[in-house]
Amino acid sequence: MAFRISDMLNCRSMVIFVLAATSFIVFSGTPSLARTVTDQLGRNVTVPDEPRRIVSLAPNITEIIFALGQEHLLIGATRFSDYPPEAEKLPKVGSYVHLDLEKIVALKPDLCIAIKDGNPIVVAKRLESLKIPVYAVDPKNLETIMQTVLEIGGLINAEKRADLLVQNMDLRIQKVKSLVSNVTHRPRVFFQIGVSPIVSVGTHTFIHGLIVLAGGTNLAEGPISYPRFSREQVLALSPEVIIITSMARAAIFEQVKAEWNKWPDLPAVRNQRIFLEDSNFFDRPTPRLVDGLELLVRLIHPELFKEAE
Amino acid sequence: MAIDIKNLNYYYGDIPALKDLTFSVTKGDFFIIIGPNGSGKTTLMKLMAGILKPKKGRLKILNRAIGNYTRKDLAKTMAFVPQIMPVDFPFSVIEVVLMGRSPYMGMLGVEQEEDLKIAKQALTFTGAEHLAHRKLDQLSGGEQQRVFIARALCQEPDIILLDEPTASLDLAHQTRLMDLMEKLKKEKGITVVMVSHDINLAAMYSDRLLLLNKGEIVCLGHPDEVLTFRTLEAAYGCTLLVDESPLGKIPRITPVPHKYLDHHQKG
Amino acid sequence: MNTDKPLLIKRLWVVSFSLMLVLLAAMFLGLSLGSSQSGIKAVFQNLLGIGPHDPMLDTIIWKIRFPRVLLATLVGGTLSLGGLVFQALLKNPLAEPYILGISGGSAIGAIIGILIGLVRFPGVSLTAFSGSIGTLLLILVMSSGQTILKKDALLLSGVMVNAFCGAIIMFLVSLTQDARLHNIIFWLMGDLSMVDMPQVGILAAMLVPCFFLLFWFSNSMNLLLMGKEMAQTMGVNVKAVTVILLVATSFMVSATVSYCGLVGFVGLVVPHLLRLLFGPDHRVLVPACVFGGGAYLVFCDVLARTLPDQGEMPAGVITAMIGAPLFIYLLKRTRR
């Protein structure tokens, strides 16, 4: 049966009306689907109420989103977003210091979450000029990490889970604090993050905070964040505990340990308190830092746990 | 007068190179400057070419002080042919010759028909037209020199200055070059001023000769007057024999090797 | 005698036009290829305005790739031209645009800017630029005991200052442990990714007049090759021309480096390549360097962006990997 012209015209006008109505609803509805928030750098950012396509611009942010159970919202992440292992499958958008603008734009995100220390602000600005909101966080220590978790939770509609996560973190931290509150001696800890040259951690690092919380003394504390030491200087400091973290494999650790064992006068050598730990627990501003804290307490104050047993 | 020099002085730092020189070069002359090493010949040439500025004294080109010429005007009046050809100079012959037209062309040196014509003529005059499209560094020393002379001719100068042009040429090319200079003088009326180390050639070609020593004029005039035993020995400080060339009333200078000197053999 | 060798104007147009075409082709490649697989056909359609309109593709092509391609053109042209001019001025085929202390000085300036936490624009750019101009002045003072005309003094001072700066740079790098180290390394290797259109516009406004100025003096450069004294007898104001060329070129190269770090090898190899192809006449080589050098860097940058699986290589790696063999090949071919 052939269409008559009047039918066609009716058909067309119906379609146009429906389209117009839908557009009207959609576009008039759009303003209410976004809100303005202030990120951790004090910037005002307009973010969607329900972000569905999030790109994480740093590995720790990826971790946090996974920890909040919202990984289905992630459509891209930077390289080295390797925890949890599922994160590796996400499309890569460059490294956190050298972001690939094109890849990010091609993914059509409705929100990007950035980290102050590392992401070039230039890229954040360009993303915003392309109408992609960028929310920046700046986790500097355990407290601000918990704050970050809460804020990200608020952004992605996972407030409840964020609360839970933060409460759990807080509990564990308080437990460590109370355990440590009665110790009389704070062992001298040398935390080695670089093998050649020997590099340790200063006051303005996550690790320093963890060492202090775990009841130790950070031998490398001071204004320089990553100070270098010669072997002599370390010997002079006479560490009681040496903790080595690096991306190195076990074989290299044995070499490094053997190097230290050449100096039997070191308390750490005498008491066989040289340990290798996974750096991921210590240098990423994520909830796993609490795991790192618990690890440290066991290494620095093993006597506290012997009693428990 | 083509070149007029009065009380010309030049020093390098504290060391005097030319002391109070006064002389002039007549238009259309073949004027050759000779003298031992260090006599100041090259300095004098550079002053005349406008490369160096006189410290004291007066230098006039065609009755106008050299300082009053603009660079381009001076280039149109006087052309300089260097002793050593530039190294690493990968241009073709015709390109080099056309560079001689730069005082007449604009900043970009866009060549016109006229410029090409003059370049062609210059190459023909120096007998190098068959080399036009060869690369300069593929030519022999003598051929390169002819190309540079052709370039100099393109400047349409009244005066041409040459710095020891025969220094690295073989016998045939030496004469050829000097003949070319004579041709320039006779056919184009160009004043040729040359620094030479070859006294005999200078004797055969020059209208006037200037003998320099230690920055001062020893003698200036016709070869006959200048090339005498006394003046030459004093200037060059070695034993010389001066007689007459078989070609005519031209002085011929023969340096005397030590073994030909009269010595009393001792014991 | 056959003087039918094409006159300058014709040669100039032929070379410029053909290289401009090469540049446009390279730019098209640069707009079509990138880390998001958009496909050449899609880009072609977008450029011609036909086919379905995809705003995301639009953004990628015009807001992300186009500034970068334009920057690569400007940088490639500037560096090649800089190499050309310094090779003529210093009469040394090994001369390259960074030789008069520009690489050392700008790097130190940039590193200091990065270490004290300045942003790339305008902060680090300004410190890099000042560092560059500072070392240039230092070199001019050092070698001015003899006049500027003594080219070896200039060259040697430049080499020494660069070497000294290199030591300082390595020292500063060794002290840096955090994310700033990445920024420094990227800057040192040359980084074309950090610019947007307004910034490219500013750079173009600074560079294009320099291109024209250097073209204006291109015949003088030919004459200078004959030797400073000879050039003077042919009417060239050698001192003035040398100063103008030096200042303009240094300014141009410094501005470029302050935008994108030390992209290497372009300024050394492109002038030689073009000389092998088109002859030694600077009047032809100046525009050839601008278009040809631009095309070369655009092309190398495309490879740098698309070859690696992850991230991108520094463009300077590609320029060397392609340029060196290409140059050797051309050299052998023209030896006969």
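We call the chains A, B and C, going by the order they appear; numbering starts again at 1 in every chain.
Simple rule for what comes next: a contact is a pair of C-beta atoms (placed from the backbone, for glycine too) under 8 Å apart; a residue touches a chain by one contact, two chains touch by 3 or more.
All values derive from a computational prediction rather than experimental measurement.
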Contact-graph separation of chain A and chain B, given in steps at minimum: 2
Chain whose Cα centroid lies at the greatest distance from that of chain A: B
Averaged-CA centre spacing for the pair chain B and chain A, given as whole angstrom: 82
Separation of mean Cα positions, chain C and chain A [Å, integer]: 40
Inter-centroid spacing, chain C versus chain B (mean Cα positions, whole Å): 44
For chain C, residues that touch 2 or more chains besides their own: none
Sites on chain A touched by chain C in the complex: 79, 92, 94-95, 97-98, 100-103, 105-106, 108, 117-118, 120-123, 126, 129-130, 194, 199, 225-226
Residues of chain C defined as touching chain A within the complex: 34-36, 38, 56, 59-60, 63-65, 119-121, 177-179, 182-183, 186, 193-194, 196, 310-312
Touching residues on chain C, where the partner in the complex is chain B: 1-3, 5, 7-9, 91, 93, 215-220, 222-223, 225-227, 229-230, 232-237, 275, 279-281, 283
Sites on chain B touched by chain C in the complex: 46, 49-51, 71-72, 74-76, 78-80, 82, 86, 88-92, 94-95, 99-100, 102-103, 105, 107-111, 116, 119-120, 123-124, 129-130, 132-133, 155
